[in-house]
Amino acid sequence: MIVNMSEKATEDQIQHIIDRVREAGYQPHVTRGTERTIVAAVGSGRRHEIEALQVAPGVDNVVAIAQPFKLVSRQVKPERSIVRINGVAIGGAEVVVIAGPCSVESREQLLDTAHAVKRSGASMLRGGAYKPRTSPYDFQGLGVEALKILQDAHRETGLPVVTEVMSTEDIDLICEYVDMLQVGARNMQNFALLRRLATIKKPILLKRGPSATVKEWLLAAEYLLSGGNQQVVLCERGIKTFETEMRNTMDLAAIALARDLSHLPVIADPSHGTGKQSLIAAVSRAAVAVGADGLIIEVHPCPERALSDGPQSLDFAGFERVMQALTEPLRPTARTAWAAAEAS
Amino acid sequence: MIVNMSEKATEDQIQHIIDRVREAGYQPHVTRGTERTIVAAVGSGRRHEIEALQVAPGVDNVVAIAQPFKLVSRQVKPERSIVRINGVAIGGAEVVVIAGPCSVESREQLLDTAHAVKRSGASMLRGGAYKPRTSPYDFQGLGVEALKILQDAHRETGLPVVTEVMSTEDIDLICEYVDMLQVGARNMQNFALLRRLATIKKPILLKRGPSATVKEWLLAAEYLLSGGNQQVVLCERGIKTFETEMRNTMDLAAIALARDLSHLPVIADPSHGTGKQSLIAAVSRAAVAVGADGLIIEVHPCPERALSDGPQSLDFAGFERVMQALTEPLRPTARTAWAAAEAS
Amino acid sequence: MIVNMSEKATEDQIQHIIDRVREAGYQPHVTRGTERTIVAAVGSGRRHEIEALQVAPGVDNVVAIAQPFKLVSRQVKPERSIVRINGVAIGGAEVVVIAGPCSVESREQLLDTAHAVKRSGASMLRGGAYKPRTSPYDFQGLGVEALKILQDAHRETGLPVVTEVMSTEDIDLICEYVDMLQVGARNMQNFALLRRLATIKKPILLKRGPSATVKEWLLAAEYLLSGGNQQVVLCERGIKTFETEMRNTMDLAAIALARDLSHLPVIADPSHGTGKQSLIAAVSRAAVAVGADGLIIEVHPCPERALSDGPQSLDFAGFERVMQALTEPLRPTARTAWAAAEAS
Amino acid sequence: MIVNMSEKATEDQIQHIIDRVREAGYQPHVTRGTERTIVAAVGSGRRHEIEALQVAPGVDNVVAIAQPFKLVSRQVKPERSIVRINGVAIGGAEVVVIAGPCSVESREQLLDTAHAVKRSGASMLRGGAYKPRTSPYDFQGLGVEALKILQDAHRETGLPVVTEVMSTEDIDLICEYVDMLQVGARNMQNFALLRRLATIKKPILLKRGPSATVKEWLLAAEYLLSGGNQQVVLCERGIKTFETEMRNTMDLAAIALARDLSHLPVIADPSHGTGKQSLIAAVSRAAVAVGADGLIIEVHPCPERALSDGPQSLDFAGFERVMQALTEPLRPTARTAWAAAEAS
């Protein structure tokens, strides 16, 4: 931490800061410039006490240097983590595709979808039982009935299942039926929920909030790891910007950045990230190219009859096309041509 | 709802949409233009079934006309609502000022603050017992100990008390001690929490999420009203933008807009909205001028020693200056001079 | 400037940075912490050479301390500047109201408007001759014909006139006809235009870009002052965010912040800032309350027939109501009542 | 265009709108619902006259249906356009890589870079002669001297050259020396510049503004096409969001969307899009995967000594690694393994 004194700071004000830095458990190092003085807080003390000095007299601002997260950081654990969900490994050599409907609407709808996505190469099944809906008048999910259907789908297909948890009160029940619990984007900073999920034995899929910075996202994961749950997969699902043609702005570079900063696996959700069927294939390819460890994609037997998220859901043929697209090579550059020539 | 067919839509596709509109409980009205056909869904049916037609073949897009909220709307209830909190009325003739520390840190800290803000004209006391903190390593609040201190402060000063609730599990306990429960910005779309708060008898202070549109904010309030709790006060506390000099961007026009669209009272939080002591007085005046029914302001005996939000907290003298600023007239225009001359 | 070395930086890498800091004209001050080393660049040297060290081996990041602007800063000139436009002073005791149509459409339209806004208390007239339009198919302005009409309106009413300049090629012509030149939001970083406007004798109205930070806005003004033109008025006109109910998000706190950081006058444009007739009065009041030195408001004899910006233009009666609203006192708080009682 | 009447609209107000729709050159089609009436404007008339009805009495809002752009649209020209720049085709089978320094700093710097990037597979050279700089105190470019150096580099290496134009006054001069003119992000809506560039014979590289929607970007291109210049390449370079760890947020999905809506080629600028050396390779791969027709990448012999944009510039070895990365296949999914097995 560095405390920048203002140009007009008095000697008393500087001395006060030096005292407070020491009081907070750090060693103060003072640099006197021609125009201003800088007090560096060296060592490890109580960070917030230095932050609060921002309003002390004579202080211009306080700058943090080190990143605020620890256990999720690659500085602490340089090798990449692999999260295992009932036989499926996220963060390993293969990109893992999770697919399924936004909401579980019926046994038939889910089982048909489960078989279809498995046929096309999905490794896990998604499906909402408790739905976070912007309006109280929208379909809120089938609840425990949906959980039972999800469990049946797992038994029939072998695909591990992930579903969203919205409340601490539902955690125990959900854990009986599914393999992985999702924290939705709107709950990324529901700290009561995070603290409880830190104590369970199931892996967590942590979506990035629509206006969360990468740092805030990693700090939300830090709640899970510091509470005892190391099995965390991050998921980028688009952020809110001024663009209106797409539901969100998919921040694909954040996937690369999160993987640079953290050892946790990171997957992408192109369905919510774009809100548009027509963009899913291209954005899925881009997510894999940027380094995503997996994809989570909404698939519905008949999107125009979906009870939620129809406009961004693929039908079975559409999902098949996306999976095919992931096997195609990158469009060549002049350089690619040489490389091919050299290789042959 | 209006379904816009694409220019190349076939007669069969148009007919399919007409059938689906009828199936969803609406009456279809068809307008055939020179370039494209429009199908309006007239009457009241199942909205989401029309929304999902966005992905039906031959459809360009689906446009909603009516606002999605009902009970919070001024179209349903044109007269303004007044919310009463243990003797204080928000939404009436007077602007209500709520003040107090970000976190309750000790009995002395809170009681000193309560007396000070009362002296300067505050009508309610704020103080956090359970704190939503971005990092798990930051101070998380004193919990039930803080609730007891808040109750004592109320008994000593008579000021009604508001505190944040973060989890459904804490609701009953908190209700024993305080007069109003706050839903924090990061929990605005914690629908499990909203659904439970809809069933209690205490008034709710609902903060706008940092990336929520005004429409989403009103729909969050709709969860409370439709669940049975009419005692809701909205609070604008700044949204996240690209600006880095301030913690958030205070969206003051949204206060005027929310009051146009809804009958609920709306207050402003200039402390979180700006994150800067030096801007609180000016932004508080602006909030009142734009129509806010109240203000919620962070005050601490010694901001540079605050355990949270020090940089945006006022000391007692600073709060006194803000309250004074609210009694000063607007800077005159040429017109003001005439008006004054005419009046005399 | 401070260069933060990474935890793993070698002694050679630290020495390289020390050498480069000296090479760039600064004195290096080194603080060795338990975990990392900090090199402060003290004195005044070539800033960009330090910034570029961000990519030198062993460097974590480079942090700037001082603000990058100089001549616009209140640290350089603490007293507030007043800009005089043909008899009207912006930045003085009175709030200056500039009003008029988005575009000059005809002599009758402009003269009627000029007389009407003058009657209601406006001190200056606005009107577009060259229009920046998102689509090439929209009305692009009457050009020189509009300039002549603006000059006539000035002669008839005595109101000084401001109009937008979009190209260096038009500057000389526009200067013959009007009293103040406006740089539109989309041209805030049109540096070729700024450099030429720095050399003229007319005052400049510099709008903030829709995605410019306050710092970037002040640096755009710095282009004008450093080039020789001190007569600059800043104008906040809303920034782009995710909100869709309003055209832009009016950043009123930025007015207070800009006035803290700079001595230049700052005015507000609630017409573009909200895009909604119904919000202009409330937002105008708020802008004055937050400290704005003036307002610029769109007024049209018949907004529903306006060739541009109809939805945000007021008719004459609407403008009269806004001007009246600016003479009304702030809604009282409990404190206001005491203050009134004490005063009587 | 559709005009939605409010629920309380009177018969007279509805009739007024019907008359105005006819007056604006459209045919009015009226749909009377149980709650409200809708007036559709059918045919082709004067769009802005309908837009302005938003403020007519009894009107709730006006909704546009058709996209506002024409010549850039794939509805008008379904087949993709190819833009040819002195022998290089953008929009064809190969991804075109443009590389070079942010600014031309010296003959040696540019020629060394030109040879290096050519060796690694770049097809075109970039280099700034006139620099748009946020601060007037930053390096502003070598001007005509840089143009001459660019021309020499083209002669020596055969690489076509692109450079930024900031002012209408420089167009003729720049055209003498280079093969393609770039409109920078901050000038995307410098309409005076666009109108003049529409009349020249050179191809244009049009960067997206940092807060421009995809629609506004395409309308900026429409200025060029409607003015007579069909040789336009679009370039996504990141938008401004709340994220602070990266310079901008790369909106890669917008590349896919722009290619859906328009026939023009679209390239990506990962250097400005991220502002971070360490992310360039991953984001370049993602851009190609999402469908980009090319890349423009900043390369400098010694980034830590660059006069501008050092932190995002690659050295020669770094650029070589990016080009290699573009030849590598996508990470496999379970599906990929099957596809490989089937193919063999």
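Going by the order they are written in, the chains are A, B, C and D; count residues from 1 in each one.
Here, a residue touches a chain if its C-beta (ideal position, glycine included) is under 8 Å from a C-beta of that chain, and two chains touch if they have at least 3 such contacts.
Nothing here was measured: the structure is a model prediction, and the numbers come from that model.
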Contact-richer chain pair (by C-beta pairs counted) among B-C and A-B: B-C
Chain whose average C-alpha position is farthest from subunit B's own: D
Rounded Å distance, subunit A centre to subunit B centre (Cα mean): 27
Distance from subunit D to subunit B - Cα centre to Cα centre, in angstrom: 37
Shared interface positions of subunit C, touching two or more other chains: 211, 239-242, 244
Subunit B-facing residues of subunit D, complex: 2, 4, 7, 29, 31-36, 38, 40, 42-44, 60-61, 63, 65-66, 75, 240-242, 244
Complex contact set, residues of subunit A against subunit B: 20, 47-49, 51-56, 68-70, 130, 132-139, 166-170, 186-187, 189-193, 209-211, 216, 219, 222-223, 226-227, 239-240, 277, 303-308, 310-311, 313
Complex interface listing, subunit D residues touching subunit A: 93-97, 120-123, 211, 213-215, 239, 241-246, 249-254, 256-257, 260, 270, 273-274, 276, 278-279, 282-283, 285-291, 323-324, 326-340
